Amino acid sequence: MEERLTRLESLNIDRETIISIAFFAGKILFIFGLLFGFIAPMMVWVERRVCGLIQDRYGPNRVGPFGLLQTMADGIKLLLKEDLRPTEVHPGFFILAPILAVIPAAMGFAAIPFGPETTLGGILREPQRLQIANLNVGFLYVLAIGSLGVYSVALAGWASNNKYTVLGALRASAQMISYELAAGLSIVTVVILSGSVDLVKIVESQKSVWNIFPGFLAFLVFLPAIFAETNRTPFDLAESEAELVAGFHTEYSGMKFGLFFLAEYVNMATVSAMAVLLFFGGWELLPWLPWAKTGLNMDTLWFLPTIWFFVKLAFFLFFFVWIRWTVPRFRYDQLMALGWKTLIPISLFNMAATTTILVFQKMP
Amino acid sequence: MENSQIVFFIFSALILVTAGLVAFRPRPVESAMWLILNFFLTAGLYVLLGSHFVAVIQVLVYAGAIMVLFVFVILLLNLDPRELGTDSSVSWGSLILFVAFLSFILLSLHVTTPELLEKMPPIKAGSTFGTVEALSKTLLTDYIFGFEMAGVILLLAIMGVGLLAYRKINNPRIVNGSERP
Amino acid sequence: MADLKLLAALCVLIPLVGSTLWFWLGARFGEKVVSIGAVTFLVASFLCMLGMFFGVHEAARVDFFEWIRISSNASVHFSFLLDPLSLTLGLIVTGVGSLIHVYATGYMKGDPSFGRFFSYLNLFIFSMLMLVLSDSLVGLFLGWEGVGLCSYLLISFWFSEEANAIAGKKAFVVNRIGDFGFLIAIFALFQVFGTVSIPDILSAIHLGNLTADQMFWSKIACFGLILGASGKSAQIPLHIWLPDAMAGPTPVSALIHAATMVTAGVYLICRLQPLFLLNGGSLEIIAYMGGLTALFAASVAIFQNDIKKVLAYSTISQLGYMFLAVGLGAPVAAYFHLMTHAFFKALLFLGAGSVIHGLHHEQNMHKMGGLRKQMPITFWAMTVGVLAIAGIPPLSGFVSKDEILHTVSTSGRTALSVMAFLTAFMTAFYMGRLWVLTFFGKFRGHHEADESPLSMTFVLVTLAILSALGGLLNWPELWGGHELLNEFLSSVVVQKKIEISSEAFHHSLLLAGFSSLLGLAGLGLAWLRYRNFSGKEFEAPVFNLFKKKYYIDELYDIAIVRNLKQIGWILWKGVDGLCIDGFLNGLGTGTTRLANRLRGMQTGLAQQYAVWVWIGFLLLLFGAWTVR
Amino acid sequence: MNVSIAHLLFLSFGVFCIGGAGFLMRRNALSLLICLELMLSAVNIAFVSFSRLHQNESGNLLYFLVITVAACESAVGLALILNFFRLKKNIRLDEATTLKG
Amino acid sequence: MLNENYLLVLFLFPFFSTLIVALSRHRAAAWVSVAMAFAFFVLTLIGFQVHELRYSATWFGNLKYGLYLDSYSYFLILLSAFLTLISLFYSVRVIKEKVAAYHALFHALQATVVGSLLCDDLVFFYIFWEAMLIPMYFIIGIWGGPRRKYATLKFFLFTFAGSLLMLIGLITTYVIYFQQTGTWSASFQTLRDYFHMNPMNFEIQKWIFLSFVLSFAIKIPLFPFHTWLPDAHVEAPTAGSVILAGVLLKMGTYGLMRFAIPLFHESAEYFAGALCFLSVVGIILGALVAWRQTDIKKLIAYSSVSHLGFITLGIFMMTEAGWNGAYLQMLNHGLSTGALFLLVGFLYDQTHTRDIQAYGGLAKSLPWFALVTVIIALSSIALPGTNGFVGEFLILLGSFQSKVASNGWVILAGVGVILGAVYMLHLVQKLLYGKSHSEKLKDFGWREWVFYVPLVILVFAIGIFPEWILGPVREKTTAMFNLFSTFAAR
């Protein structure tokens, strides 16, 4: 960072600098455009369509072809709606909560790499990473930022000054803390397997074999943990409509509600990306077949891995939706028991076992 | 004044201001929120100091875990002002005395050892300072005892909290923590 | 030599084995087996003793094993010294012991603790033999304390009566005081000679060359030994236990408190005579102690109504004679008297026991009388005993006592002579009183008396013969006899020989006549006074003093026992309770009070504590600052 | 970064004092714990600064130890507060003056 | 032949058995514990032929620890093992509550005792010395009588205060050694050898010696620090009393013979007069006060004060024979007083009173009990032929020749011999003789014989053949006094 600042300081801008700045800006635009402009709206639609599919009905199909424009219509509706603010709420925190929901969600994706190091087909002089912020602490950053999502829920629930919201917030925050542990521990296994915390290096280490195979147990832990962290069914107890009306966002409406909605999908995208990167080889083609071995010229076809990465991401997003309409909701005590009594012990055991095996493998 | 100094002063000012807000906002919720912000700013300061890993841990553990616990408890108790009690200002005197004294010591340190005021040398080019690898290597070799002790302390804390939170359930209908008809 | 060793070991161990055997199996075996067994064991022991007696020429030491090693060059051995002195007494112990065992089988018949009794009795014989035969002072002490223990056990044999138990305890404790003296003497002797072996000590004394310091310690040793001897032999001032010891069964009184144990003091002094010769003053003390005791005990004996008490005081008195003789440098005379006394006093006790047995444990002489017809054998035996002790020639008592009186009269100490002759007269008187009260006049008791069984009378007769003829053992050469004992003991003890001259013969004849006259006078007076006894004793304020035994028991009680108890109480409640615990409890309450004061600082407000922490921290910093 | 260690220490000191002031003057247990966290954080700043000064990892490691302690302390502290609340229905520290519950 | 690993096993075994007993189940705990105690006893017996063994190892860093076994420590370990075995066997029937804990505490006590006996290192000695308090504290505090709180507090405070002073003395020694040599060592052998070659400043040495002696004196207990003993004994459970009197008190005298005097024998000679005075006061006070007691246990406790007065007299008089006697007397006192407490316990379990007036005529209803009581009492009053005599005789004989203090003390102590007979026979008379008014009591069963037979045999075995103990002990003592005399010669 220091270097970067000093470089900006000397106003001696050459082409390379411009290209690099453009590359940087391009990455940001691409990611956030993709997230907020495509994935989130598409997911709203997909969710409803898949719901229809699973429940053997149509789903939205009036606005636009296949109802594709339905999301836009909803968005416009939310934007135009009156910004209601109940009288008993704590005004500052009431507004702060949805903002706090979106910002970490967006920040989290900044550290996600979405392709191998590349020169963009020769545009860049040196190969650079397709990643907004190249932090040497890698996934820890994602985890750290992800953990901040709790505050929005908690604040929303508390600021609404409503017992359902508070209960929802309590549930959500307890659940998120609990499952963060399990998720973190299972990721540690992956880190041990790959030998790095840098996500790009983790992907590179999966060239021969994806982590899902040696780290299957870790994935088994990681999967429910990300469901719980994003408050998705079957762990969406924070907003369980039947008991808590809608949980922490009962009092929200209009675009504030929309922001929560948005944040949820972005979060889903982030954790899906993590899952792909950590366990499913990131942008690599197939478990036994990395791009390098296909014989394709990866310098010119540099976009193929990126596309393949997003395809995998999409599959995961679909998986989220699929699960949502298939598996019923857990009871709260079952949820906590699963987290503390099953997942954490398993992941601890897994960690120890993996370490032991690795140590013995490396022993001469 | 250099850019980095400006950034540092901005961060410092913000840290101090948020600290003040943490200490003296009447509601614990607000305190907690300001503290989270304070931690974020501190994490930023750590990034400035080159300790990236520490910064991330600051966010992950402090902001992401410890403070969540606070917020959680605040939510759980949902206290009104009466239950919080009124704050006192009795200790201002001793506090001022203390601050004055410590300032005096610090200032006199400055006088006696002026090299403290010299700027810190920049991080060397190939230095691994602040990386996870360097840190963990030190942690697991030179400081292994401290590391183990930290583990023991954590274990003790877990046990202690478990003990504190444990309550016998008198209602026979409640099995496995949930109520069954 | 090996035979000697075996004999010695057998002689001592047989009673010990018997002791454990009867205790363990007494109840199971039944009286008959126990009585036959006990007597057989004792006789066996006696035979061993005889074997040794004839086997040893001059003197022999038999070493068994090392007992206690004191230092690299000094140790205590379990070893026996077989010399005339010890063998003679050993023979008396086992011989008289066997007789008394025989007697006891009859006397104790029907007692529920029959086995226990013989166990104790055998144990006593063992201890006594240890005492007599031991070569070292420590071994002697083992026997010394052992006989004390047996005495204790046997006095309190019928322990259901609290009084018996107390009497036993008294005997033990008083003996212990004497033992204390003995112990100190052992230490002092070890200090001087670096050994506890008696022959070694004696040979060292013969060598002489003692420094002043050593002389001092040998003097201390003498005093210690005198204390010890006076405790065991019931001499003033430690005589008080013996009359009370009559609480035990009569055979015990005969064996322990008349014939054997109480003479241990005399034996001890004879044993270490050279040591006493070294410190002439101590012999003087012994002589005066003996004379005083003899007179005192005789005067008390006159006023006792309990037949056994009379005999007890008589024993004390006779022991006084022996001490007197030893003190005046006539150990052989003392030893001779010891021997004859063992015969006739055992006889008297056993006779008294026979009477008591016949009267169903009646001991008060006022309730006896006229028994000579019911118990003829007892009567005749007793008569021999009484005549012997009264010094009627030619019975054994006459001979031995005469020798002592001769020593006294030639020693030139008028006071002692007066005491001795007075005692002789009084002895005859109280023995006469006992004899007359018991066997003559009307029967004043309740139960009809029967003659005792054969086992008892047989012993009585045997002892009577011994009492009558015992004098022959040392019949003075002056009177044409042969001083067997004197000859025999001459290698061990030193006694001035009485020169044979017509003048001496004259003197001795005169003395013998006078003493027998005194005896006859005493007996006659008693006969006159008590022939028609109607329950009235001498009544005079002066006599109360005698009756109450000069109030010595009371004096001890007030002066020593009560004071000690008081001191114990003071030490307990005062020193321990008030001073030490009081002081400590004071410390405790003081701390509590201080803590109560300081408690005000503990408000319980955590933040206040934090302020204190701040202040403490500031002080520390300030301190560090100033130090720098 | 072109600042001296003294700057950083002053920052640390300032935060520490503010935290201390809060600790001494607040009367509810929650704020107290929060202020404690603040003080610990101030200490951390000093540690990390020293680590930067000497360019070795010791300061950073001490940071980890401190954070461990902080985590334990907050966990235990909060559990205590919860128990206290169950007992007294408030968390006013001036009512927590007795050892008996 | 045994090597130094034997020491390690000996040292660790009681800890191991403590664990086993603590973890065993309620019903089985008692027998498991007895079995373990028996195993330890056998293990101890194996070492009988050992004269001297040394084990030394590094703990971590520069911290070394050493174990050292010689005849001084060996016989006390044997005594401890024997008495623990007996008292645990006795307790099987008596203790029904918290069995495992009770037995485990005894094993823990054993562990600390053995630890402090085996330690060559002063610091470790101190640690075990302190640790000894803890199990005893609980044994009295949990299974004790009605006034146990007071008794335990007193017991603990007394002994603890003393040992703190010892700690100060110990640290001073430690530091002085460091100042003079520049290295740290707490090994007793090292320190002793060093201070023999380079004597300490006498003024300092005096105070250090006093601090050691005070600590040991409280444990022994020497007059005037003895008042905790009667209270502790009265409240302790029988087995606790046995171990307290039989083993723990010995640790004080052992400490004197092993540490305090060999290190500072100059001071020991300097203070001999005063200390002998205290011993003699203890002898006479103990005896007189014991005489006035109505509580049997208190009587025996005070008799302990008296007996230990003899032992300390023998030690402070600084003669070889006195030391041998004192050492033997330590064992004797352990056996006889232990047995007396067991006998009292036997009565107490049936009648639940310790009042001497409540008994009488027991010789009639309990003849075997009476026999054993008399034998033990005789051993206690040092009748020749019993073990007590050999010890007391050697003590007095040795002390009489002492050059460091007047032998007037011995004569006064001899008075104690008389008084010993007074109170002991008083006890025997009150218990066994007189009118019988307790007919329903049961006499000894097989359980009692199991441990009284060895006890009685030992009483006579030591009394008649003391050389099997005295021999090894004398060797040690002679070596020690040779050291003293070489010092004096210089």
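Here the chain labels run A, B, C, D and E in written order, and each chain numbers its own residues starting at 1.
Methods note: a contact is a pair of C-beta atoms (placed from the backbone, for glycine too) under 8 Å apart; a residue touches a chain by one contact, two chains touch by 3 or more.
None of these values were measured; they are calculated from a predicted model.
If you take subunit A and subunit B together, no chain is in touch with both. Chain pairs C-D and B-D differ in how many C-beta pairs are in contact, and the one with more is B-D. Taking the mean of each chain's C-alpha atoms, the chain closest to the overall C-alpha centroid is E.
One inter-chain figure worth recording: subunit B and subunit E are separated by 58 Å, centre to centre, where each centre is the mean of the chain's CA atoms. Look at where the CA atoms of subunit C average out and do the same for subunit D: the two points lie 89 Å apart. Averaged C-alpha coordinates give centres for subunit B and subunit D that are 6 Å from one another. Contacts with at least two other chains are made by residues 607, 611, 614 of subunit C.
Residue positions of subunit B with contacts to 2 or more other chains are 4, 48, 53, 57, 65, 69, 74, 76, 88, 91, 94, 98. Counting partner chains per residue, subunit A shows two or more touched chains at residues 2.
Considering their complex, residues 20, 23-25, 32, 93-94, 96-99 of subunit D touch subunit C. Subunit C makes touch with subunit E in their complex at residues 23, 65-72, 78, 138, 141-142, 144-146, 149, 152-153, 156, 159-162, 164-166, 168-169, 172-173, 176-177, 179-180, 183-184, 186-188, 190-191, 564-565, 567-569, 571-572, 575-576, 579-581, 584.
On the subunit C side of its complex with subunit D, the touching residues are 603-607, 610-611, 614.
Taken in their complex, subunit B has these residues touching subunit A: 3-4, 29, 33, 36, 47-48, 52-53, 56-57, 59-60, 63-65, 68-69, 71-72, 74-76, 78, 131-132, 176-178. Across the complex, subunit B is touched by residues 1-11, 13-15, 17-22, 24-28, 30-31, 33-35, 37-38, 41-42, 44-45, 48-49, 51-53, 55-58, 60-61, 63-65, 67-76, 78-83, 85, 89-94 of subunit D.
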